[in-house]
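Letters are used for the chains, namely A, B, C and D, taken in the order the chains are written, and counting of residues starts over at 1 for each.
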Amino acid sequence: MKKNIVDLQEKLQALLLTQQDNFLQGAVADYIPALASVKPDLVGISVATIDGNVVGAGDYQRPFSIQSISKVFGLVMAMNRVGDSLWQRVRMEPSGQPFNSIIQLEWEKGIPRNPVINAGALLVSDVLASHFSSSKLAFLTFIRKLAGNDTIRVDNQVYQSELTHGNRNAALAYLMKSFDNIEAEIPDVLSHYFTQCAISMSCQQLATSLLFLANKGIDPRTKNNICTARDAHRVNAILSTSGMYDQSGEFAFSVGLPAKSGVGGGVIAIVPGYGVICAWSPPLNKFGNSVVGMNLVSDIAEELGLSIYH
Amino acid sequence: MKKNIVDLQEKLQALLLTQQDNFLQGAVADYIPALASVKPDLVGISVATIDGNVVGAGDYQRPFSIQSISKVFGLVMAMNRVGDSLWQRVRMEPSGQPFNSIIQLEWEKGIPRNPVINAGALLVSDVLASHFSSSKLAFLTFIRKLAGNDTIRVDNQVYQSELTHGNRNAALAYLMKSFDNIEAEIPDVLSHYFTQCAISMSCQQLATSLLFLANKGIDPRTKNNICTARDAHRVNAILSTSGMYDQSGEFAFSVGLPAKSGVGGGVIAIVPGYGVICAWSPPLNKFGNSVVGMNLVSDIAEELGLSIYH
Amino acid sequence: MKKNIVDLQEKLQALLLTQQDNFLQGAVADYIPALASVKPDLVGISVATIDGNVVGAGDYQRPFSIQSISKVFGLVMAMNRVGDSLWQRVRMEPSGQPFNSIIQLEWEKGIPRNPVINAGALLVSDVLASHFSSSKLAFLTFIRKLAGNDTIRVDNQVYQSELTHGNRNAALAYLMKSFDNIEAEIPDVLSHYFTQCAISMSCQQLATSLLFLANKGIDPRTKNNICTARDAHRVNAILSTSGMYDQSGEFAFSVGLPAKSGVGGGVIAIVPGYGVICAWSPPLNKFGNSVVGMNLVSDIAEELGLSIYH
Amino acid sequence: MKKNIVDLQEKLQALLLTQQDNFLQGAVADYIPALASVKPDLVGISVATIDGNVVGAGDYQRPFSIQSISKVFGLVMAMNRVGDSLWQRVRMEPSGQPFNSIIQLEWEKGIPRNPVINAGALLVSDVLASHFSSSKLAFLTFIRKLAGNDTIRVDNQVYQSELTHGNRNAALAYLMKSFDNIEAEIPDVLSHYFTQCAISMSCQQLATSLLFLANKGIDPRTKNNICTARDAHRVNAILSTSGMYDQSGEFAFSVGLPAKSGVGGGVIAIVPGYGVICAWSPPLNKFGNSVVGMNLVSDIAEELGLSIYH
């Protein structure tokens, strides 16, 4: 399955060229000014493999707002911290609804469908805010360690912007609290959530920091156990059925990899036993997924025959 | 990944013993008398591999009502017949709703979420009823060829029973027709649908007849191209996100294989590159999935390390 | 409250003039050809009082398709036939949904919210089809007697058209049957329903035939007891909260009379203790209510101070 | 329609006796301790007429928590303050949903169905909080003036309790804010809302203070114009279609008066042209309406022939 690494570097470069103007088919997220001002024609891709190679092309070393990709890290932290009790408070089913829907949360009595829709990520944020003395610092420390890079930081302008426009997330959190499914104070939960969303990372940093999910929970570079093999499996399963918002089925159908996108334009895809792909291009389609980011992941997955559905 | 076939036979035998009384945790489908009268303690499992081995234990050669497992065969037939135009009329997203929900069909203007919920399978039945001069015969012929067994037949008592109790499926079909998403006459669509649901097959027949999905569309025994590699991939993707009704996410989370269940108690799971598992035990959990059938697939998948999410 | 009858005649005439071009603000129902071909600038109004006066203006003696106004007659017939047991099978709550929504019917397990949305009227049709040897004839006879006119008839072209385009109503009926809330065969229920919808009556005929609802159940001309005073009250209550589809609240808010509209462009309004108003103009607003018909009823109600909310 | 006032007094007394043990059929609201501790067998009724009579029986002079009955006063204040622009931000349709449902608010993009469900009352509270320098004081002043009683006050224990258990109302408010349909800060909106809900009044105070709604907007005792005749009409219309939560249709059907209930056990009913009835008994049915309160209003309405639907 693996390819010569020079070849791969060239492939990435070539793929970027095929996508040159496709970013025009989407629109940069504009619900907060801090994201709306990002240049739409930035584009990067990076592949990290469990046997130690990291390649990239385009703006793959330029940090961008990871947004919902942070849900993957938060989920791993919460699983490590509270174990299987987490699944009493959040399910692992696809939602069949837009990512920020409040309807299903009402039907299902405050139990989010899965941890990678907004309600579920707020639930996870509550777990972290309740179980760490300083959950934001703990989160940043976790990510920095995974990426092996102490310069990763929260973009304060994005954070402030999210806070100002976070009314729907506040509604989701208060609704869960009304069902007794939130322990911490809502402002603390929201502050944690918006903090993790506002972290900036590059394609290369994201690809390398998630390698443990492709390697049964073990960081292949440090040999550290980041999570159990079972939990790596579970995260990959959730990302396969629910990671790409309400386009998750289509992504499985056409690409076939556990993946997560963020409204900053990033897309990460886990290839169990091989490595991690991360692509970035800010303009989004109507589902909130990066148009070019998806194309790039799709093309490289097909080129290398990486799909888990064969 | 493969194991010595004698070992496997013994493993299946041993697994059956561990499940001896677990069928008491479920209830046999009772919406039609023909299913309600099935003995609850029947149980079978079969594994067929693409390198030609077929093993089984328990009642693995006894035919049972395949019910919704027939949706897999129907989908392949429809893909072969009308190509990508199929995806104009049905989506490939998980539903986040019970399998027979009419609510989402209304919201989404008569376009079913995917081809393995009831609405989607009725849509597929419409495609078949509209594009084959005798769709029921064509279906039976297709299955018999795949299983290499001309004795496979429709259980007429089940068929009649389904017809009598098919009001909800009729409602789904008429609602789609009101959105101009059904071409044939509704009674013909329903008759096709209930016919394919009423087919009886054994675990062994199901496991062998679906091997092409584990082998890029090619039947490993006959080398026949049953569908394209791309379509085999797509079917596996759909089964991964949506095959186990509203428990699909949990099944991915805990087992990690493309799978489909039927209210007759059957569960099939595709292992790309390896083979097919089929388990059967009539009592169902609240989601409509066989309790013991799921356990058996789960245990064998874990034992052999078959999950696609690693 | 009553006014000199000559005055009233002149008022109606004058009101028609004020509405001359307002029909341009709506669109004639086009879901069936038989309705789509009606001239949009036809307009009529009639007022019948319980003290025996009947006046009208415009095309008030020209028959039009009564459509959902027939639900009022059907409800009275069913109440008379099965008594309070009717309310085990249909509720009397406003729906908060479009008139043909199937979503609420699913939530509420096949029990329609009220007898004047489509699902409820189909339920009532089932009661009639099950309890009369020839329910269509019984219905026509009932209406002819109320209107004192034996020439009232079913428009067969409309009936055939409805039948061809009745898939959504079929879906509603089959869904109720799946909840065991339909007794007769669905084709019989639909045939009854489309028959009563396809009856043609004039404004004058509708106004006079409904006088019993303004007069505690007694037809003021014949002194016949058409229904109990309690049931007249109940019908008026249902029409007040639910008679004008999902614009019922607004109609109460701005006009303040029990009323029922039909997609043929008719609107009837009951004035308890006074009489009945019927207006007709084919073009409909987005809620399915006649634009000019509503204006006319509103103006005459305000002019005469007829609102029940004062 | 009016009756001798001594007779009426006796009737009320007699009615109370018929309901002696019926309070056992309901349960006192227990979502906050301050309400849960109210004695369940308290019961009172009062009738005030526009010609100046006020009678009562039982605990009709004992203050109780008016809760949602306060929505009526708030609505009148908001209509007076911002005029018809209010109806750009809230509709006047029945909801067909439980009073605190968040689902419909999502569907309808943050525009509440009507001002007497929770979302609508929060919207009204936002109007008041935004347009009065001290909306809570203005509200209390308004009510005291209407009741002619300066001792009416907010129960601070109830207020604090509501605040602590107000997460669902917070969710509704934040969701509306996410649709830009809330102007003030959410804590201010909630504080106003819980303040008006926590006001204590007796049956007699409520009956007399709402007389203007039965008298075209004019307080019959002071001759003050409290609101326009048109707005009195509109409030009565809204109470008729939506005042009794998701039992509004049934209340219209069986009683036939504009009415509003509160979870403190109070029920007020407006009789246009006659007066106001207020009954109180803490135990509630599953819809949140006082069991005995409804019975009392129903009985007196029937006895006196007060229904607006005749």
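Operating definition for what follows: contacts are C-beta pairs under 8 Å (C-beta built on N, C-alpha and C of every residue); 3 or more make two chains touch, one makes a residue touch a chain.
Quick caveat: nothing in here was measured; it's all calculated off a predicted structure.
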Everything but chain B, grouped by touching, gives one piece
Maximum distance between Cα centroids and chain B occurs for chain D
When the C-alpha atoms of chain C and chain D are each averaged to a single point, how far apart are the two points in Å?
-> 32
Note: chain C sits from chain A at a C-alpha centroid distance in Å of 55
Centre distance in Å when chain B and chain C are each reduced to the mean of their C-alpha atoms = 48
Shared-contact residues (touching 2 or more other chains) in chain B | none
Mapping chain-to-chain touches, which pattern fits: line, ring, star, complete or other?
-> ring
Can you list every touching chain pair?
-> A-B, A-D, B-C, C-D
Chain B residues within the chain A interface of the complex = 91-97, 104, 113-114, 214, 216, 229, 232-234, 236-238, 240-242, 246-250, 252-254, 256, 258, 272-273, 307-310
Name, in rising order, each residue of chain A that touches chain D in their complex.
-> 101-103, 106-107, 167-168, 170-175, 177-178, 186
